[in-house]
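We call the chains A, B, C and D, going by the order they appear; numbering starts again at 1 in every chain.
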């Protein structure tokens, strides 16, 4: 049962450096008992001093090194919590609750995976690429969108895991100019025919456009969603998204029913 | 005018290490414009992230190196604020508002100073010892009380500045066994006759006993008091102590009327 | 060894009595319970918290029928606190009894059902059904939810309505009846007295303070519901003051809550006179907060050489 | 260039209008004032804050005669907040007029006197004397102090008493009359309406929330007065919600406060509909908080291309 496969622990910061713009990479040592995270899972990160900021912040587990017990996160500074996180130094302690959430599902025998990452969304997809990139007979194409060349992060890791990485930037400073969905849409029919499974994470606008695009074809697509969270384990009902076809209570919890959902399940 | 001779600034932590038991020494670089602190003055130290802990914590300026712009504090961990302070590492930033408060007054021509320090109270007296210890014709005796040998801090500095340091410990592990006031009382008549000026800082119980002892003689005695503070500059009226002979409002503010008071002024 | 105090006790290895009576003879093994809405239906914390170690598990507010709750965003953080406008989303009592209660019983949890209704009559019905089901130790009636249009806090801010709802629930149950008060009132002791007279066995407080937060970049409320309930350490001083006011005016047990995050916080409420405490938002910050608080209280009692927690309760020196 | 909005404006280099009217034609150069009791008599911040840059300086509550206030300890910190029980220690109006007012005038500060009385009659007398003295821009009457036995919050928690006090002060002054409300009530909008009807020119809120804190090691209240007033960031969501409730029910200007520490916090209140804000506890944490907030609001207006702050006020999209 997935429920008990999470622990509330704390770790020491090994590194916390700016990668590009307002994006940082955080590396934390974790306790020996930290369960192996599955692709798409996340952790709640908590600053340990005082009651402000109060709640943990959900970050996807970007990478995990079980041998050395090191978890890596990529994060963007968008508010108080992430700003406070960015001030932490090597040697400071940090709270870590995880791994949390339902991971991406890759059906037995899937031979073609397509990853669609917008901005910091790459953080949720990296473990998937690394796990399946090593499998024989499984091809991975990655569509990576960013605002500008300087905002692209995590490219090396993706390149080493994927068969192809197509880059788009909104300002055209590298790769094709445009939105990642605009590039993807051209390949969609071909990908659908090839039986591709899509996995996407990015801004809500990107996912909503993807949802519209996918009305035309029947490629399966899993997405990782974001919502503000408190408990991270399904108790507070704070993180819900509206879903289709649930009569009494039309909501599901991002923290434990997700963060991975079938794109067709969500009300956009 | 003393009012404007204070700045609200922030500095980088150069060191923050445990000296003994729950006592730490904190060294902070201060901005070039930081006014030279006078003996007995303090600063409000503020952690910069988040709103909890909220208020600055008053700490006496233990030492100050104007050439390198380094302020040193000695502090004891007694609650949330000081505990949070003790977790700060070299390189972290910290807020500093000061120098604050009225300093000790040493009358022109005073030739005999007696310092009475209980526990961490030594922090308030060190600058005084260093300033007057260098003066010709001014003898300084120091009575230093601590719980136990391992709790004694700041001894080296005091020894180098004072003509004599008498140590007492409650458990007798070093120096004489007993309370610092019990040792002092034996010398009091002699000191009074020698025209000594007393300067004391320590737990309220120690100061109250001293006040009783001093009813018998007329040696002048200035003490440094502690109270919880908010503003540090006289505006909030949070830090008051009850004083004698003030008809309408029998209170004075520790932050700006003090922290140095004439011992005979206070209602014990 | 015979423990002093109220006579309520449980034997643990070092003769420390942590057991308290929270009304109508209900003795719980220690005074630390979970606050409704912050611990789900209990099983969410399975594997992290041994539910049988808690004084009691108070489950998410239950209504007669399932409720969808409010549209998201439902929560936002504030300084040392959070706002929520869940709007009492819940699976309804039928599903609770069928799916959740059996699991909780298996875990040997003492279960308290928090209930909600839009009318006194609904409170009566919910109380009756839960009482009939068996396996529930007490009912906590929520007359103080700030996040629903009907009922909710309206009942909690008027002594007469509060009393009506209490009478309706009292009428339907022999279980210990805890009435949970709203802090958004001028005189909470007055409401407390009126629910005591109406037959409550205990009073719990506080529910959340009504609050609001605005996203200044978008000039929109941070919560879709505009207003939400403030909880967490920020509200602790207000909660403690209200508990203090209420314990002086009623003679039934008072259960304190609001911002309890550590043992010292729980001790403030006990010393002020609360018979037990509920831990809410802290569960989100530290899923094992309840257990740490229980251990911290035990340590405190040992350190202060107090054998029976009942000797600590209400021992504030004023 | 003609600015849009209320027509109230002051010309600054980049045509940004920060001036607002806070009632009875009183226009202040920007909407940031100090909150009473947190800025002394103003001169305590001399050398740190150029008082003439502030919208106004609201001084510590003044009474007819000097008041000793409560015995210490008077303050204690709480999560993201603090409790105070100063008990309105003040030098009295005579000493204020003789010793403090001249200095404030020299600094070109806009001065608002916060006043307190034990009876409506005392409020009337204080209002009359201060009005007669000249040099005071407005009066803020404090019917909401939680830390005094007589008067204080009692006036603020009853619409009838609140109205009586307002009438008494109104009767004695032609100055803009701001009535400062207590948040410790069930329905703050009701009190607001009644003081508006009684002749208030503006309403300010919130004063502190009543709170309490206990030293568990000594089992004693942390404040000698047992109960104190909670202020600071912790209370901001409650304050904002109350301002939002009040602006919808009155037509006179509302001055918001409670936990404002940064420009973004002040903007929340303005967007919710407050005409101006007061900054309190933040002055303790950062003595230059008011100036930083003024600058931060100006930056925000430029960034959002808003020429006149009056276009921002009340612009919440709901």
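Everything below uses one rule, namely that a contact is a pair of C-beta atoms (placed from the backbone, for glycine too) under 8 Å apart; a residue touches a chain by one contact, two chains touch by 3 or more.
Note that the structure is a prediction, hence the values are computed from the model and not measured.
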Where the contacts of subunit B and subunit C overlap, which chains show up?
A, D
Farthest-lying chain, centroid of Cα atoms versus that of subunit C
B
By the contact definition above, name the pair with the higher C-beta contact count: A-C or A-D.
A-C
Chain centre separation in whole Å, for subunit B relative to subunit A (CA means)
53
Would you mind pulling out the distance in Å between where the CA atoms of subunit B average out and where those of subunit D do?
36
Roughly how far is subunit A from subunit D, centre to centre by C-alpha average, rounded to an integer in Å?
46
Two or more other chains in contact with one residue: find those residues in subunit B.
50-53, 80
Note the residues in subunit C that touch 2 or more other chains, in rising order.
79-81, 232-234
With chains as vertices joined when they touch, what's the shape: line, ring, star, complete or other?
complete
In their shared complex, at which residues does subunit C touch subunit B?
79-80, 233
Of all residues in subunit B, which touch subunit D in the complex?
1, 3-6, 8, 46, 50-56, 80-81, 97, 227-242, 248-251, 256
Show which residues of subunit D lie in contact with subunit B when the two form their complex.
37-40, 43-48, 60, 65-69, 71-77, 79-82, 84, 86, 89, 91-92, 232-234, 261, 281, 283-288
So in the complex, the part of subunit A that touches subunit B is made up of which residues?
47, 49-53, 80, 84, 87, 89, 91-92
Of all residues in subunit D, those that touch subunit C in their complex
78-81, 83, 157, 184-186, 209-214, 216, 218-221, 226-228, 230, 232-238, 240-241, 244, 259, 264, 267-268, 271-272, 300, 315-318
